[in-house]
Structure formats: C-alpha cells, structure tokens
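Each chain gets a letter, A, B, C, D, E and F, in the order it is written, and its residues are counted from 1.
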Amino acid sequence: MERHVRRLLTVITEASLERSLVSDLKEFGARGYTITDARGQGHRGKRALEWEHSGNIRLEVICDAALADRLAAHLRERYYDHYAMILFVQDVEVLRPEKF
Amino acid sequence: MLAIDPVVLFFVLGVAAGLARAELRLPAAIYDFVSAILLLSIGLKGGMQLATQPVGNLLGDVALVLLLGVLLPLVAFPVLRFAGRLPRADAASLAAHYGSVSVGTFAVAISYATRQGIPYEEYMPLFVVLLEVPAILVGILLARGVSRTTRWGPLAHELFLGKSIVLLLGGLAIGWAAGPAGLEPIAPLFFDLFKGVLALFLLEMGLIASAQLAGALRHGLFLVAFGLVAPLAFSVVGIGFGVLMGLSPGGVMLLAVLAASASYIAAPAAMRTAVPEANPAISLTASLAITFPFNILVGIPLYHRLTELLLNG
Amino acid sequence: MLAIDPVVLFFVLGVAAGLARAELRLPAAIYDFVSAILLLSIGLKGGMQLATQPVGNLLGDVALVLLLGVLLPLVAFPVLRFAGRLPRADAASLAAHYGSVSVGTFAVAISYATRQGIPYEEYMPLFVVLLEVPAILVGILLARGVSRTTRWGPLAHELFLGKSIVLLLGGLAIGWAAGPAGLEPIAPLFFDLFKGVLALFLLEMGLIASAQLAGALRHGLFLVAFGLVAPLAFSVVGIGFGVLMGLSPGGVMLLAVLAASASYIAAPAAMRTAVPEANPAISLTASLAITFPFNILVGIPLYHRLTELLLNG
Amino acid sequence: MLAIDPVVLFFVLGVAAGLARAELRLPAAIYDFVSAILLLSIGLKGGMQLATQPVGNLLGDVALVLLLGVLLPLVAFPVLRFAGRLPRADAASLAAHYGSVSVGTFAVAISYATRQGIPYEEYMPLFVVLLEVPAILVGILLARGVSRTTRWGPLAHELFLGKSIVLLLGGLAIGWAAGPAGLEPIAPLFFDLFKGVLALFLLEMGLIASAQLAGALRHGLFLVAFGLVAPLAFSVVGIGFGVLMGLSPGGVMLLAVLAASASYIAAPAAMRTAVPEANPAISLTASLAITFPFNILVGIPLYHRLTELLLNG
Amino acid sequence: MERHVRRLLTVITEASLERSLVSDLKEFGARGYTITDARGQGHRGKRALEWEHSGNIRLEVICDAALADRLAAHLRERYYDHYAMILFVQDVEVLRPEKF
Amino acid sequence: MERHVRRLLTVITEASLERSLVSDLKEFGARGYTITDARGQGHRGKRALEWEHSGNIRLEVICDAALADRLAAHLRERYYDHYAMILFVQDVEVLRPEKF
C-alpha cells in the first residue's frame, strides 16, 4: 500500500473562535477539518468546559506542507496576540493524497 | 419566613462547594438545558402579558429603556478609564458588561417579587431583551471609535443572535401568540418548575462564580470596589427611569435590578469578537464573581428598600 | 383559540434560529434526554390502556398494521425508481424511510388530538412500534434482494434494538404491568410535563431540520415534491386501513398521521448498516427537512379534515 | 396493586436493554443531572424535618449510626480475607463498599415506603450522610494500617467532598433553613418529580449494572454469594441498631436497607485513591451488579418483612 | 529509559461505525484502542454532534507496523466507498512495547 | 517561518486521575496541558464514559525532551502498576518555543 506524507496541523484554542477558524480554513482552501472539545491550561490561564464558551477546541487539519505553513502564519498573525492559542505541526502518512 | 429566598441558598451551596473544590461538576450540557428553560420561561411569561397590552402605550417605555442602555456604559466608562486607570479597551469592555444585563439576576428578582407578593408589569422581560444590546454597542464604539476595521457582520450576528436574545424573544413571541390559555399545557414545565430550575441554575452559577473568585483580588481592589458600587449607583438610575416610565413599584424595583446587573453571557461573547485586546478575565471576574453574588445576596432586597424609600420619600 | 398548537411554534422558533445561524445549540445529551422522556411517556400511556384491552380483539388490528407497513414502501419504491429515476439503493432507502414512522410526528398529533378534545384508541403507541420495522425490512429487500452477503445479525440488532423500539416497548410493558394507579407517582414527570418536553424536543428538531434544509433543493425538485405528496397519499391509505380496522375517528386520524410520517431515526440507522451505498443525505433531507415540517405544520390538521370528510362523506 | 414498585421496572428495562446490547445510551451528563436532583431531593426532604427535631434527641442516634458504619466493615473484612481468601487490599476494599451505603437503594426504599404508606423518621437522610464515610475510613485502615505513606489530604478531600455528601448535606442544610413553607416553590421539581426522576435514574443504573454483570461470574462464585448474603446479614444488624435507637418500624426498615446496601460511588472513588492496589472491578461488580439489583428487586420487601417479624416476634 | 517505536493509526469516521470498527479491531488482534467524539467536515459534508449518529468519532490504535498496515488496508476496502472516513498513520515512541 | 522541535507526550488514563496528574504536571514544571474525554479498551478492560469516573482522559503536554523524559518516568513509576494508563511520545514542530 503506497503511503503519502502530508502535514497534520493541530490548533488548540478558545471555543468561541470555532466559527471564525472554520471560515478561515475554507478561505485558505483546506479540504476538511476535525474538531474535538477540550479543556486545558496555558499562559492565559485555565480553560474548563463548564459553561458557554469557557472551554477549548482542538482542531486538526491535514493538508500539504505549503498550506500548513500558510495557515500557521495566518493564525499566528491574526489570533496569537489576543487569544489563548497554541499550534503544532507533524508529518503523517495518508492513503489517499488527493483528499487532503 | 426565612429572610433569604431559598433558591439563593443553592447559589451559596454552589459557591461553597466550588471553593472547597468539591467533586461536584454539572456538565455544560446541563447548564445549557437549565438556562434554556429559564430563558424560555421568562420569555413566555412576558409574552403572555404582552398580548393584553396596547402597543402604543409601550413605545415610550421602549425608547426610555433603550436610552437607559446607552446611558449606563457612558457613565461607567470615564470612571473606569480615569479613576480606575484601566486601558481603554478594558474600560470599554467593563462598561459594556455593566450597561448590559444579567438574565440570571432578573430571574432571582422575579422569584423575590413572587415570594414577597410584589406585583409588577408582567411584560418586563421585554425590557431585558431591550437592555441587552445597546450597552454592548456603546462599549464597542468606546473601544474603537467608528473604526473601519471593525467587522460588523460577525458582530451583529453575535449581538442579535446570541442564545439569550433568541430564547427570550422566541419565548415572548410564542407567549404573545398563544396567550395564557394556549400556554396552559406547557405550564407544568415552564411555569411550575420555574423556581426549581432556577435553584439548579444558581447551584451551577455558584460553582462557576467560585472558579472566578480566585482571580477577583488579583485584579486589584479597584475592580472589587467597582463591582460593588456600580450596581448600587446604577440601581438608582434604574429607579429614576422606572419612575419616569410610570411603572408600578414592583416594576421600578425590577428595572433597578436590571440596571444594577452586569452581563456575563452576551457581553463577554460580543466583546471577545469586537474588542479582542480587552482582557476577558477582568470583565468576567467583576460581573460574575463580584456583582452577580452581590446582587442576588444583598442587592435585590436592597434595591427593593431603596425603591420604597425613593417612591415614598 | 390560536389555530396552531403552541408546541409547534417551538419548532418554528428552532427552524428560524437555525436558518439565522443563531448561537443556539442544544447539546446532543439534551436531545437524548428529551427524546427518551417522550418515548417512555408515549409508551407508558399506551401500555396503561392496553391492560384494559382483550388481547383477542387486537390481533386482527396488529396484522393489518403490519400489512400497512409492508405495503407503503412497496408503493413508494416504483414511483421513486421510475418516476424519480433514483438509483435502486436510494429509491429503496427512501421507500423504507417513508414506510416507517416518526414518533416525533406522532407526539405532535397526540398533542393536537388532546388540544382539540378528540378521543382515540389509547393503545395506538403499539401501532407505532409495529409500523417502525416492516418497511425497513422491505426497503432492504428492495435494495439487495435476498442477498447472501447481507449480514442479518447486526441488522436485526439495529432494527429491533434501536432506541425508539426499546423505549416505546419498555414503556408499553411497564405501563401495562403497572396500570393507571401504579403509574400515578411517576405521572408528574411522564404525563404532566409531556407537552413541555415535546416543546423542547420540537425546538431541537427545528434546529436540526434547519441544518438539513440547505441540502433540500440541492437534491432536486423531485425530492421536494415527493416529500410533500407522499405523506398526502399515504395518509389516505392510512385512513383506509383505519376504517378497515374499525377505529374511532380519532384513531383513524392518528393512523393517517403515522402512515404519512417518515422515519428519521430508525430507518437512517438501519439503512446505513444494510444498504451503505444509499446516499444517507437524500433520505434524511426528505424526511427531516421536508416531510416532518410539512406534517406538523400543515399535515396533521389536514389529515384531520380528510378523515372527517372521508368518514362522513 | 402490582407487587413490585413500577420504578423498579425501569431498572429491569435498563438491565434487559443493556444485556441485549440495545442502542440505548443515556449520556453521562444525564446521569449527572438525574442523580444530582435525586440527592438534593432526598437532602431537602430530610432537612425540612430536621428543623422540627430537638437536636439533643438526635445525638445518641448519630453516635449509634456512626458505630454501625464502623462495625459493618470490621465484620465483613475477616470473612472476605479468610473465607474468601481475597488479597488484603481487595478484602478491605469490599469491606469498605459494603459498610458504606448506596443512596440509590435508599431512594428506592423511600419510594417503597411511600407506596406502602409506611411512615418513617423523615430525617433519615441524615443517617445516609453519616453512614457514607466511616466504613471507607475503616477499609483504608484495614488495607494499609496507619501507614505513613497514606496521603490523607487528597483522601479527606475525596471522602468529605464527594458529590453525594455535598449534595445531600447541602440539601439537608437548605431544607433545614427554609422549612416546609420555604421549600414550597421548589417542591414541583424536587418533590413532585421525585419518583419520575428516580425511574430515569434506575433505567440508567440498569444499563450501567448490566455492563458489570458480565464480569460478575468471572470473579468467582464466592463473590456472587457474598453479594447476596452480606446484605441479608447486614440488614439484621441494621434492624438491631434501629431497635436500639428506638426508631419507628418504618425507620428500622430503612436503617436495615442502608446497612444492607453497598456503595458504588463514594467508596470506589475513595478506594481508588487510597488503596490503588485493590482491583476496582471486584468491588464494583459485587456492589453494582449483584447487591444493588438484589436489594431493589428482592431485598427491600424482604427487609420489610424481616423488620415486621423481628419487631413483633 | 528505553523507547520503542510503534505505529499510531488514527481513524476519523461516522459515529455509527463504532461498534463495527471495534469488532474489526478485535478480529485483527489489536490490543487496545481509544475513542473521542469529534465533529468535522470533509468530502462527504459536515458532520456535527447534534443528535443520534450525526457526529464523528476519532479512533486511535497503537500497534506494530504490520498490524497498522493490515488494519488500514481493511478499513480502506471495507468502508471507504460508502462512509465518511479518513485515516492517517504516525510513528510514536512507547515505554512498554509488550502492551501494543 | 522558523520551526522548533518539541516533544508531545500523550497520556491516556482513568478520568479519576485528572486532578492528580495536573498537580504532577505543575510540580514538574510543565507550562501547559490539554485534556479531552475519551473511552477505550486496553489490558485493564473496557472504559466507557457512562457515569462517574468510568471513562478515560486523553492528556497532552508539549514540552522539551528532558521534561518529557522525566514526566514519562514519573508516570510509569507512580501509576503504571495500579492504573489503566498508556503513554506515547512524538516530535512536533511549534512556532513559539518559549511557550513550552
């Protein structure tokens, strides 16, 4: 089975940014994304999942290296200053490269 | 009769459990459920009475209430900016929070009024809706002026399509369309359970508020003082407007409570979108951990007295 | 009296909020909770009355209802396959959805009957259970014939152990065993709150349906037309069967509603397992975004009229 | 009248659905919601009556109940260790579970008493709180002696700030402060819905217990036997203590139920923290899959009979 | 501390497949798995967590390379045509290789 | 955009350990963490999310290699014998190394 390497970009950030991030993803041409609800702590304090938008989301996007770079740069510029957010990138192997 | 409304004791229980870090979590889904029922109940009750009201009579009141919503943040801002020496964004955000309203506080005030047998204009929930948005708009303008970069689209969305507005307005509309007879079949859930559901809501709010309490002092004494003094001052403004509108004493008291209450749902969401550079912890701590407890434990009976004093004095 | 049942207004509110993309989410846990209470309530109510019924009398009715469940998809399939030119799998899946039933629609019809003071055979919930499965089986056979590769094990599981069957049947059994006196202590939750809970359920269904509405037109006008015409045609078949069974006018109307309603829970789950090549979006859009709203907004009163017309005509 | 309490049938439904692996999940959020309401209801009911009670009269009872909580695990431990040949940690953990109590079982017993019209001391919920902790402490000491390595801090937290203690005690305190008149506005939720909510809780417990049942036999016949015999033996001890305390027959029966019940919430959590080497599956299987069903299906009426026999004999 | 490399296979797919996937895993001899609830969007449209099986699951299996290959091939063959599903594979370091 | 490599430590374990793990993390000096609720199966049987602490959590910590090693060793020593727990480690690229 042939494998193809793509990039997995994971973003952990405030739940209230979901709508905004999803529209960013579309604008940049990502072909899909996956979100799970999360809680956690970082430089901007503790974020629990107790009510309204008090929790985090954990957003994953698989895409090619170029798009991953562009997305990461955009997120850094647009959100890092004012929102709780971290992101990290990894290589992953996928079966159907045309999907990502 | 116990001086304090028993539903408020559930809030105290929640705060105590939270401070003791008890193993007591009510999942967010329950919060959503309970708060949706409260919002719908309040809306339905208000709407039911709206039907009996000639619309013409209300127009003046509507205008005055909107004015109140614009005025309050304009009063708060300079105090926060200059006396409190807060950065512009934070001062504007706090002003928006305190100019807007807390439906939870309003629910406790209604419970208080019922318990004390105080009649009031049943369409007051309409005022809750009217008071929610204007102060937030003013706060945004205070923070950024009429800036070109503000993205009004998402913001309008946040403002007018937030959970509380939709459920309150939806309840009002359904209540208005169905009338008292039409609502009878759903009364067991939305009216008979109201106080029990409010008790659960306050238990949850106690847990949530206690988590914010820790941060309260970290933000300095000024914030604590503001969180206690602003509601007092605003309640007097509310009383003034209530008198101007010719409300009954119960209605005046409820308007005082609304003026005194600070938003912890609509305003935080909107300010996060419109003024991201404001530190959200400051406003939330003040409104949720200081003003909300103060209002439901001390404020409501106090504003009641104040109303009696000023009306009869 | 308002023409429309107020609980239906909650559906309208949900659709409106959904279309406006309002910040109103009711978490899946609440959906599960509310729908479980509805299913149990309906089952309990039916079971309570079943106890008073000589079983012999029901056997003929049971057979006829099962026949109805087999007949409806057999009628729908050729229309979908040849008039609609749908692929075999999709036509079979749609036939299964429309031959099966929607408990939510039935709940609204019960609310309607109560509101209008229309009496009906209280054991009708038994028919809901009986109508759920046969059409799905027929749909599967239509899609794949008596294929050797069909894994009947997981399928039977899906069919007979789905949430709605288990809770309806469970409720029926408990209601039957306990009888009206035995159920009295749990009546405040399961009976008094019924309409309020139904209102919350419809609010949630409105939000869910609105998310499907966008897709409705994408699947073509034929699907929209089918979603509106099929329930009308099926309601007439339902009326016919009701008359054959000698039901009261109220019972005939409810059977018409059941025939007209389309499944959006049991059928999607089963078809996904048994006929994965069918596009699930087509069936769900039709049943949830077209037929469900049509039935609760327009259909139920219409079938009521139709029943009156045909019975007295 | 049906011999069995209808609420218990919901448990049977849950077990049946679970064993059949039906597609019936009630999310954890619903479990949390329903169990919180039950705990508060029980606490409120108890607290309401506590107000009418001279505290002095209760002190002796309190001491005896605490003694009962210490005694039961001390009786169970040697049996488990020597007759059952269980490792020390497992024997101690089981002893803790069976010495402590199950609020769910108590709720069913209350429902039983109400149904049968048996009066009892309404402040019994206080005893539930008192019985929860001592056995767990004894169990920990049995497992590790007065070891220096035990971290008592987190443990005390687990013990005294668990969900059930906090909500029961909170309910007791609020009920005591508010009194019957004060609680009236929240009675529709906490009192009228009690049995309906209990039915939902038991449905959920049935699903949960059924998942444990599979493991029951894997742990050997001794465990099954212990899970059936221990409650019987303990119920007699409970009756003895009830008589010593001079309780009414109803009160004696409820104390027997408490003694016979085994913890499946507080004890598992605490033992996991304090005695991690104990296999949690053993204790949970016994208390949840064997003793809990036994008690609510067979035990409660049995202890009722036993009480009558021993009191009149 | 010695490290051992294993493969982490992540599958994101329709929630209704959970039972079926878990039984596949057992059949193929996986020693464990972890599931979180997720929502997302891909070629087969948006999948939210609103009701019934409308959401996704995110399934993780740690195993050796051979099993990961066999599982991936099986999933592709059995589910890709008709279900919303993506999968990707990564290397991970574990402490106790005998567990996976 | 410059990338920096850090370690991502993922721990899957019993939900009842959350408080304890979080305090361990603080003690060891981790700068943040993220938690999602999970269910699964391993050597210690099935863990569902049905009630009380019956489920799992999935804890992620991004940190430097040394801390990841120390944390992994600590978790192994303190919890492995008596609790359902697995952990695995990966390299990830981050944008702002000073945050982790």
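In this section, contacts are C-beta pairs under 8 Å (C-beta built on N, C-alpha and C of every residue); 3 or more make two chains touch, one makes a residue touch a chain.
This structure is a prediction, so every number in the text was calculated from the model and none was measured.
Looking at chain D and chain E, the chains in contact with each of them are C, F. In summary, the pair chain B and chain D forms a contact in which the copies contribute largely different residue numbers, shared numbers making up under half of all those used. Remark: among chain pairs A-B and C-D, C-D carries the greater number of C-beta contacts.
If you average the CA atoms of chain D and of chain F, the two centres end up 34 Å from each other.
Distance between chain centres (mean CA atoms), chain B to chain C: 41 Å. The distance from the centre of chain C to the centre of chain F, each centre being the mean of the chain's C-alpha atoms, comes to 46 Å. Shared interface positions of chain A, i.e. residues touching 2 or more other chains, are given as 36-37, 90.
In chain D, the residues that reach two or more other chains under the touch definition are 25-29, 33, 188, 193, 269.
The full set of touching chain pairs reads A-B, A-E, A-F, B-C, B-D, C-D, C-E, D-F, E-F.
Here chain F touches chain E in the complex through residues 10, 12, 36-43, 56, 58, 69, 72-73, 76, 80, 86-90, going by the rule given at the top.
Residues 1-2, 6-7, 9-10, 13, 16-17, 20-30, 33, 111, 114-115, 188, 192-193, 195-197, 199-200 of chain D touch chain C in their complex. Put simply, chain C touches chain E in their complex at residues 25, 27-28, 31, 154, 204, 207-208, 211, 265, 268-269, 272-273, 276-277, 281. Residue ranges of chain D in contact with chain B, taken from their complex: 27-29, 32-33, 36-37, 157-158, 161-163, 166-167, 170, 173-174, 177-179, 181-183, 185-190, 193, 269.
Looking at the complex, you find that chain E touches chain F at residues 1, 3, 6, 8, 22, 31-37, 62, 90-96, 99-100.
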